[in-house]
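Following this message is one structure expressed as structure tokens.
Going in written order, the chains are labelled A, B, C and D, and every chain counts its residues from 1.
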Amino acid sequence: MSEQYPALIVITPLLAALLVSAAGWLRPRLCFPLALAGLGAAAAAATGLLVQVLATGPVTYRLGGWEPPWGIAYYVDNLNAVVAALVAWVALFNLVASYRAVMTDYPEKIGPYYTLYVLAVTGMLGMVVTGDAFNLYVLLEITSLTGYALIGLGGGRAPLASLNYLFLGTIGASFYLLGVGYLYIVTGSLNMADLAKLLTPLYGSLALLAAFAITLVGLWMKMAFFPLHAWLPNAYGFAPAPTASLLAPLMTKVMVYVMIRIMISVFTVEFVLQEVLVGQLVVWLAVAAMVAGALFALGQRDLKRMLAYIVVAEVGYMVGGAWLGNRLGMTGAVLHLINDAVMTFCVFLAAGCIYQKTRGTSFEDLRGLFKKMPWTMAALAAGAMAIIGVPPTGGFFSKWYLIRGGLEAGHWGFVGALLFSSLINVVLFFRVFEIAFFEPSGGDDSHGGHGGHEEHGGAVALAEAPLSMLLPLMAAALGLIALGLATGPLVQKLILPIIPAGLG
Amino acid sequence: MEEYIPLLLTKYNYWVYITLMMIGLWAMIAKNNLVKKIVGMNIFQTAIILFYVSIGAKYGGTIPIIQHGPGHGHGAAQIKALAYINPLPHVLMLTAIVVSVATLGVALALVIKIHRRHRTLEEDEILEQLRES
Amino acid sequence: MKALALAIVVLVGGLLVSATVDFPDWADPNSPASRHVSPRYIEKTMEETSVPNIVTAVLADYRGYDTMFETAVVFTAGVACFLLLRRREPRPGPSRVYRHRATGVIVEMNRVPDKEPSPDVFKRIDDDWTPHDLIVMNVCRLLIPFIQLFALYVIAHGHHSPGGGFQGGVILGASVILMALSWDLRTAMLRMKETATGLMSAMGVFIYAGVGALALALGGNFLDYAALSPLLRVDPVAARSLGIFFVEVGVGLAVMATMVLIYKNLASEGRLDQGL
Amino acid sequence: MIWQIDLAVLLLVVICAVGALAVKDLMGAAILFGAYSFLMCILWAVMGAVDVAFTEASVGAGVSTVFFVAAVFRTSRRTKD
């Protein structure tokens, strides 16, 4: 069975999604358990695969039994395995947390909602484990389409935000497809490992450079890297809460993973460092992303939108770290990818809990929340500390690596921007906590129109989010600290073996 | 000037795909009407499909269906790769066409949802309404 | 916005044009794309899968995993349209419009009647109804069975001629859409209920993934149809051919149902009561 | 591959694309888009990609156009550009 883990990671959620869809038409009550079983199996398979990869080294899996350049193959090393496990577990926890929110907001559409939810996770897991450039495009489209629908489901401005995301996302995915086409026309292959071999003699060709540029621009569009980030704040800000806490932590991280994969496994680091002369420019774009993300976040009066802009800044950290061109920077980028998925999940889920109780996440809705929802706010504080980079949490260590990478590369702008954006994060979260701690709770009537069934009661009455949301939230908050404590083994065992030797 | 003429002639398919792609891209960014943007998006995607199909073309090759296949496994040895067009880009593009129609469906569903709320398809009018509210 | 668009277009176009200069000439048989991976497909397909249409063989076998997800993309689009548009509250305004068959008098009702009038006397019509063209209706009625027959042929004959699950599925879906267009949405809905449509689109993908998972259960890799040979009692090459046929049927089913589902939701704004 | 046909169709494709974007009526745009898809499908058939052409004829020129018409019919035909 263990040699089939790579296939099971993707197949179990896919089959589960189909069963959920069927159950949605016949027995809607079965949808959630089926989705839970599917994602649980995927998480188990991903964990098994991670253990296997750590024990025996990279795993190759041939789909359909065809050998790689002709058939599609999975190639799973430490990087894939750890990102796959991360995606599977975060999605599983979020699924548990989403139950109440979906039941209250979309009771009639549980079936299609969970179908798309599980399909989105399937697509992300597939993208992470695949070793075929074109296969990645198909899976990317699955994830994107589900994302558009899950975001567009929200009320108010959500459909427009989703349509904008669709336009930019389609341009991004099409650019990626075009880049793959360029690689195909100069090499005749689609398999990543095969491509890496065939591309070496072609370094210096203009077509290759264009392929690299187009692919990267496409991916940047998908991950909302700075000048191409316009879709993200609205899409994640107006999305329904369970959707936002699924996509915001995972989608951008998976795209960063894909970028790193393309950089180190299809094109080699030698190509990236020597042939591409704009590496410095990319780091400066990352600097701009961090600064702009932080500044835009300052201007927001809504928790979810503020968090969305923080995501924009975080993407800048990872892309910048990956492009610094040294081992420390790359290590920091990968480590930050892991930490950031968990901390973004933590804060977005906390925002979801708040929305579940107050039916809004604007700063006015946060008043007095420390008294009403102490556990949620404690978890939000843990997430905030990780995003700021306070020592026991993982965020501190990944920033530490990034800063050391920046110092080693002599890139003072990157270091400065990183510190600046951390500082702004302090201000941002301090402002949130000030409102939540000191200001008295708002009146009941202000949001009576949205969800009349919630009774606020007295100003100090405890109105905590349901346990099914609180437990995943606590798990995420504890996970942040656990990740911080596990930084040493994480870097030594998982990350260092995959950093290519060519990095200085 | 002389050296550009063969370049123009031997790659004219590629020039047309770039033209179409840029038309589509321009429409997606500059057009104001949402349905027009979606038309632009489809033109953009079809242009990429044209590019891939052009990769597959081969002088002297026929359509990738083996003509005198006597059935199961016999006589396959004499099939020459040069006699048939490269089938791989065709396979990839079947996928891309299906993806584009799927995207179209979702995009139109979103457009209808937007129209339900704003009663217009013009982006500037929608933004105007949002600013007022 | 226009200036920005123009700048982006010129920039991207310039990049693409400059890269094209490095490409091999169009239709050059010696280009890398024609020499590296694809010759094996052309030369070995008959031997390994006994499918003369190389595109079908590569689509459903060598790169069958892509195609499974491609079907899943279609399925996703169907579910997405349903999720975004479907709503159950009735439309505002006159809720029901009927036409008296004998006299042609049109009756509007402001509320949903407690009991549907007999369809032989009063025919329910769309509220923007225009008199149907008898010729269009009857020609379509005659055509639709043949279109469906052709679609089934396209699915089944994909091994030997252009076609396969996608094309056949779309044609099959188009025949239902044609019925909705030439008659009305309710007539089409009677032939193909919403639940059936949704279940069929899930089932189509399930057939595909299920065939793959069956191969996995029988000891092969996922989607390795050769592993089905003990079950089908044929040699591995024929098992591959049959496996391709099974997944094409799944693809056809999923695509057909999804196209109908998307059309119904788009044409009726998700109310599924009346359409184009 | 007869290059005269190829070139003529390529030209028509570009004209249809521009037309679909320029026409001041969304229904017209939908129909022109259908024509564009159909010409594209001819182009691919000329290049020997029969399966792709078949798919485009049924998907692009057929069902996509119907989707467009359905959506335009349910929203509005009006457009400013």
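Everything that follows uses one rule, which is that contacts are C-beta pairs under 8 Å (C-beta built on N, C-alpha and C of every residue); 3 or more make two chains touch, one makes a residue touch a chain.
Treat the numbers as computed from the prediction; the structure is a model and nothing was measured.
Student: Any idea whether C-D or B-D has more C-beta pairs in contact?
Tutor: Here the pair linked by more C-beta pairs in contact is B-D.
Student: Of all chains present, which has the mean Cα position farthest from that of chain D?
Tutor: A
Student: Could you work out how far the Cα centre of chain C sits from that of chain D, in whole Å?
Tutor: That pair's centroid distance is 19 Å.
Student: Between chain B and chain D, tell me the centre distance in angstrom, where each centre is the average of that chain's C-alpha atoms.
Tutor: 11
Student: Round to the nearest whole Å and give the separation of the Cα centres of chain A and chain C.
Tutor: 32
Student: Please tell me the distance, in whole Å, between the geometric centres of chain A and chain D computed from their C-alpha atoms.
Tutor: Using C-alpha averages as centres, the distance is 37 Å.
Student: Which residues belonging to chain A are in contact with no fewer than two other chains?
Tutor: Those would be 134, 138, 141, 145, 148-149, 152, 159, 184-185, 190.
Student: Which residues does chain D have that touch at least 2 chains other than itself?
Tutor: Chain D, residues with two or more chain partners: 1, 50-51, 55, 59, 63, 67, 70-71, 74.
Student: Would you please write down the residue numbers of chain C that are in contact with two or more other chains?
Tutor: Where chain C meets two or more other chains at a single residue, that happens at 16, 20-21, 23, 27, 31, 33-34, 37-38, 41, 53, 55, 59, 63, 66, 70, 73, 76-77, 80, 84, 162, 166, 262, 266, 269.
Student: Can you check the complex and tell me which residues of chain C touch chain D?
Tutor: Contacts found on chain C: 27, 53, 55-56, 59, 162-164, 166-167, 170-171, 173-174, 177, 181, 259, 262-263, 266-269, 275-276.
Student: Would you pull the chain B residues touching chain A in the complex into a rising list?
Tutor: These residues of chain B touch chain A: 25, 28, 34, 37, 41, 44-45, 48, 51-52, 55, 88-89, 92, 95-96, 99, 102-103, 106-107, 109-111, 113-114, 117, 126, 130.
Student: State the interface residues of chain B toward chain C in the complex, per the touch definition above.
Tutor: 7, 10-15, 18, 21-22, 25-26, 29-30, 54-61, 63-67, 69, 71-73, 76, 79-84, 86-92, 94-95, 98-99, 101-103, 105-106, 108-110, 112-113, 116
Student: Note which residues of chain A are touching chain B in the complex, please.
Tutor: Spelled out, the residues of chain A in touch with chain B are 134, 138, 141, 145, 148-149, 152, 157, 159-160, 162-163, 166-167, 170-171, 174, 177-178, 181, 184-185, 190.
Student: Which part of chain C faces chain A closely enough to touch in the complex?
Tutor: Within the complex, chain C contacts chain A at residues 15-16, 18-24, 31-38, 40-41, 61-66, 68-70, 72-73, 75-77, 79-80, 82-84, 86, 88, 195, 198-199, 201-203, 205-206, 209-210, 212-213, 216, 220-227.
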